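In this document, chain identifiers A, B, C, D and E correspond to the written order of the chains, with residue numbering beginning at 1 in each.
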C-alpha cells in the first residue's frame, strides 16, 4: 500500500528527516513512535503530499506521489485548527464526503453515524468553539473515519481524550480497520497504545529522524483492553519499545 | 550576469505594464483623438511640466518645487495624522464595547459625508488654507484605518486574550503586545488603503487654494490641456505606486507582521 | 401626415422635420439661464415640438465633455471657457446669448472693517475667485489695471462662491470676487463691503454666458437647433423685458429665496447673439494672456434663426 | 447587551455631538451667520422629504450608490481571490493596480464622461472605480491570513485548489471581505454624491447640493449632508446586522462581546 | 490557597458544572480527572476568572475572585492558540515576566532557563509555527514555570509530548513545586500521571460534572518514575481512580 523510501527533509538548515524507510501493507496498522520534535508530523505531511520532501520518495501502490494521494484521510495533531470554525460538527464531518459523490442525505447520515461512533451523537449541531478539546479531537477522528479512506494517517489522535474514551476509540479503530480494510499509519506517544493497536511499531530516533527499529507485534486478534494487555508478549513488547524510544540499545536477550 | 538577473526580475514584474503601455500607444495613435493622447505625448508634456528645470536641481522645474512638494508634504502630514488618530481611536473603540456603542453611529455618519462638502465648514473652523486642506485630508483618509483597526482589535482570538488575562498583563502591555500585533494584518490593510486615499484626498483638498497637483489638474482640465490632464493623472499613479512600494517595504520590517498566517506558513504544498 | 396613433412629439417631429425632439440641456442654477426655464414653463419648446430636460451642471469645462459624449445636447457656458476650449481645438458652436453683466453684478467684496479702501490697496493681498483663469481673474485683472496694478501684484485663491464668505471672515483671503445672490446675502448677513464693481470700464456690459453645442450636433440637427433657438428667444424676450418674470422663475430652479430674488442686482438678457460684443471677450482674453493668439469668434456662431414662425 | 440599549447609546452619542455643535455655534465660537446651528439644519432636514425634487434626487443617488456598490463587490471579490491565490497573476498586475488605485475618481470624472455616454452608467462606473479597492485589498490580506492547517485539512482529503478556495479560504476570509464592503459602502456613497457635485445631473443629492450652494443656502446643503450621513449609517447598520448573523462563529471565537 | 465552593455553570441550557467543591492547599498538587467534555476546562477557566460561573464561588486565600487572580499562571489545553505567533519561543516565555518587574536581561535569562528545563534550550529563537506540537506545548509549560506563580493551573499539559519527555516534565513539575512552593491544579487524562504527581486526585463525573471522589495519594516523596510506580499503593490507587473514572462504584474493600 504505502512505501516510504529513504525520505529526507530539512526546514532551512534544520534537518528533520534523514532517510526514513517505512512500509504499510494493505490493511495493516503501523504505529510510529519517537521523541517530540523528531519529525513525525513532517513525515506524515510528506506522505499526505503537503510537504515536498528534500529527498527520497513516497509510493502508494507502487506509484510515486507528487500530490495529495487519492482516498486518503488525515487526523492532524493540531485538531482544533483543522476543524472549520464556521461549520457545525456534523458539517465538518460531512464536508469531505462530497468527494465521494454522496447525496446530501447520505452525507448527513454518514456524518451522524460517525459522530455516534466517537460518542458525539448529541453534539452534531455544535460548533467547534462550543466543544471541549477532547470533543473537537473526536470530531476530527469522526471526519476521517466517515471518509472511509484506503489509507488513514493519524497524528496523535487520542491525545486529548480521557482514558476510557481512548480505549473505546482504539477498539473502534481496530473494528473499522477490520470492516473496511483500511491501511493505517498512527503516530502516538503512548507506548502501550502503539503496541495494543499496531501490527507493527516503527520507532524513530530524535531529529534528524531515522528508523531505529521496525518491530512486528504478534499479538492475537481480536484484541481486548484487559486480556491483551495482560499477555506476557504485550508486556515484553511494551518494554522493548520503551527502551528503544529512550534510546537505550535493546538487550540482545529480550529480542 | 547580475545585470541579466536584475533585468529578468524587472521583466517578470513589469511585463504587463510594458504591454499595456505599448497597446495604449498604438491604440491612441490609430484613433488620433485629442482627448486620448498617446503616452509618448503625455510623457513629453510631463517632462515639460515637472522636469524642465536646470540639472543643478535634478531637473526639477519651478512647478515641481512650488506645486508638487507642498502638496505632497500636506498629504504625508495628513496621512500620518490620520493613521495615528485612526489606529489609536480604532483600537480603543475596538476594545471598549461601551465606548463604541456611543460613538459608532457618529462615525458611520461621518464617513458617509463627501469630503468636498466639508470644505465650507472647515474653511470656517480652520483659519488657514493649509489647515483646511489638512483637515480635509485627515477627515477623508481616516476611515479605512479607523474601521480596520476597530475590527482588528475587536476580533482578536480569544485564546490570545485569555492568555494575556491569565498572566496578568497590564492594560498597556496587553494592548501593545497582544492586541496590536493580532490586529496588525487588518490595521495594515487599512493603512495601505488610506495611503492611496491620501493622494486622492490631496487632490480633493486642493479644490481650495492655489497650489498642488490637484490644483494643476483642475487648471489643466479647465484649459482643455488634455496631455496635461493625462500627465497629472499619470503622475498621481506613479506617485501612488512609489508610495505603495515604500509602504510594502516598511511593512515587511514591522514586527508582528512577520508571521505567515496564524499558524505555520505555507509549507510549499505540492499542488 | 403620417400614420395615426403616434405621440405628440412624433407628430411634431413629422410636422417640422425635426431631427431630434428630446433635448438634454445643461444649465447652472444661477439667474443667467432664466430664459430657458421661462420658455419651458410657458410651453414655447412644446410648441416647436421639443421636449426639454434641464440638467443641472457645475460649470462649463465639464459640460464640454458631456456634450461630446452626448450626455448633454446643449449646454449653458461662459464665454471665457468656450473660447479657451476652442483655442485648444475643441469644436464648439455658440447657439444663443444668455446673460450680460450689468453694473454691480460682479464685485470685489472686503470684510466690514477691512483696511482696504481702494483697489490700489489690494497690492500684495489675496483675492478669492471661483475659477482661476476665467471671468473672475479677467475682470479683476482689468480692474487692477485701472488702479495701476497687474495680476502679479496679488495672489488668487480658488474658493467656490458659497465658501467665500467664510474665507473672508476667517481671513483666509483679503477680498473676494462675488456675484449675486452672494453679494446681497453677505452684505446683509455679515455687513461685508463692496470695494469695487469689476464690470466697468473695459468690462462694462461684459458678455457672460451663452448657449453652446458641438459642431457635430449643430451640423446634424439644424432644424432642431433652429426650433430650440426660436423657443429660447421668446423666453429671452420676456426675461429681457420683465424683471418680475425672472424673479418668479429663478426660485423654481435655484435655491435662491423669493425675497432674495426680488432684491438682487441682475444683469441683462441680450436677445441677439452679437459677434462684435463677443469679440470683445476674446480680445480681452488675449490681452491678459488667457488666450495665446487672436480668436475670430464669427466662426463659432451657429446660424441664427429667421423670425419666429 | 440588547439591541435597544445599543441604539440608545448610539442616540446619546449623536445627541451629544449635536448639542456640542449647537453650543459652539450659539456661543459664537463658530459664526452662526455662516454655519447654521444643528437645530436649524435638523428642521430643514425634516422638511426635505416633503420636497419632491429632493426625494427624486435621493432615490436617484441611492440607486446609483447601491448599484455601484453591488457591481464593485461583484468585481472586487473574484479579483481579490484571483490575486490572493495566484501569486504569478498578482505579481504581474500589482504595478498596474497600485498605479491605478491612487488615481482620484474625481480626476477621472471628466474622462468617464467622455468614455461612457450615459449619465447613469458614467456615475456608476466612477463609483465602482473608487469603491473597488477596499474590498480588493481586504480580500487579499484576508486570504493571507487563512490558517494553512485548515487548508491542508481539506487538501489532505484530496480536494483540489478550487474546492479549498471555495470551502476554506473564502469562508475564513469572509469577515475581512465584509469589513472591506463596509468601507466601500461609505466610499461609494461619497462618490455617488461627489460625482453629481462635479458632473451635475438631472437629479441627485449632489445636484440638490449644487443648487443649495447657488442660493447660498448652507442650511439646505447641510440638511442634504445629514441625509447622506443617515444613509451611510443605515447601510452600515444593515451590514453589521447581517454580519452578526452570518459570522456568529467569528464573533464567538474571538473575544467580541455578543 | 484555593477553594472552589459549590461551583455551577451552564452554556445556554447545557449544564456543565453542577456544584463542584474542591480545595488546593498551600503548596499542594491536586490532579483532576474526568471524562472528556465533563467540564474540566470550564472549571479551570472559572478559577482563572475567564468564565463567570452561574453559581457558587472561587476563593483564593479566602477572598472571592471576581477577575483573574494575581500571581496565577495557566497552561491551556489549546496551547497552539495560547502562544503568540508573532513572538519567538523566548519572547513568549519572557512576556509575562514584565509583571514581575524584572529587567530585560533577567527576563531573557529566566526565559532561556525555563526553555532549557523543558528541553528546548536550542529552540529559543523559533517561532511557534516553526515548532512541532510537543515543542509548542513545552513552550507553554516553560512560560508558566518561568512565571513562578503562587497558583498554577494546567490543562492536560503533557498531552502532546512523548513518553520519556512526559516523565521528565512530571519530575520537573514536582521539583519546581518543591523549590518554589507552588500550588498546582493539574487536569490530566492519564490516570497513572494523576496519581504519580498528585497529593490528591479529584475525580469528576460526566457532564454536568460533580466530584465523585477526592482521593488522598499517600505515596512517599521524592517520587521516582520506576520505584514509585512499582509500589503496591500506587497500583492500588491507580486502579481505584480508573474505576472511578469509568463510573463503577469503588469496592468497599479496596478503599
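Assume a residue touches a chain if its C-beta (ideal position, glycine included) is under 8 Å from a C-beta of that chain, and two chains touch if they have at least 3 such contacts.
In this text, all values refer to a predicted model and were calculated from it rather than measured experimentally.
Shared contact partners of subunit C and subunit E, listed by label, are B. If you compare B-E with B-D, the chain pair joined by more contacting C-beta pairs is B-D.
For the pair subunit B and subunit D, the distance between mean C-alpha positions equals 17 Å. Taking the mean of the C-alpha atoms as each chain's centre, subunit A and subunit D sit 49 Å apart. If you average the Cα atoms of subunit A and of subunit E, the two centres end up 27 Å apart. Within subunit B, residues 35, 120, 124, 157, 221, 260-265, 267, 269, 271 each touch two or more of the remaining chains. Within subunit A, contacts with two or more other chains are made by residues 45, 49-50, 68, 78, 81, 130. Contacts with at least two other chains are made by residues 31, 34-35, 110, 114, 147, 149, 152, 155, 197, 218, 221, 250, 253 of subunit D.
Taken together, the subunit A residues at the contact with subunit D in this complex read 45, 48-50, 68-74, 76, 78, 81-86, 95-96, 98-99, 127, 129-130, 147, 153. Interface of subunit C with subunit D (complex): residues 24, 26, 28-30, 53-58, 61-63, 65-66, 68-71, 160-162, 165-166, 169, 181-182, 185-186, 189-190, 253-257, 260. Residue ranges of subunit E in contact with subunit A, taken from their complex: 11, 33-37, 39-41, 77-78, 80-81, 119, 123, 130-135, 138, 155-156, 159-166, 189-191, 242, 245-246. Every residue of subunit C that touches subunit B in the complex is listed here, in rising order: 61-62, 64-65, 68, 81, 84-85, 88-90, 131-134, 155-160, 162-163, 166-167, 169-172. For subunit D in complex with subunit C, the touching residues are 31, 33-35, 109-110, 113-119, 122, 197-202, 207, 210-218, 220-221.
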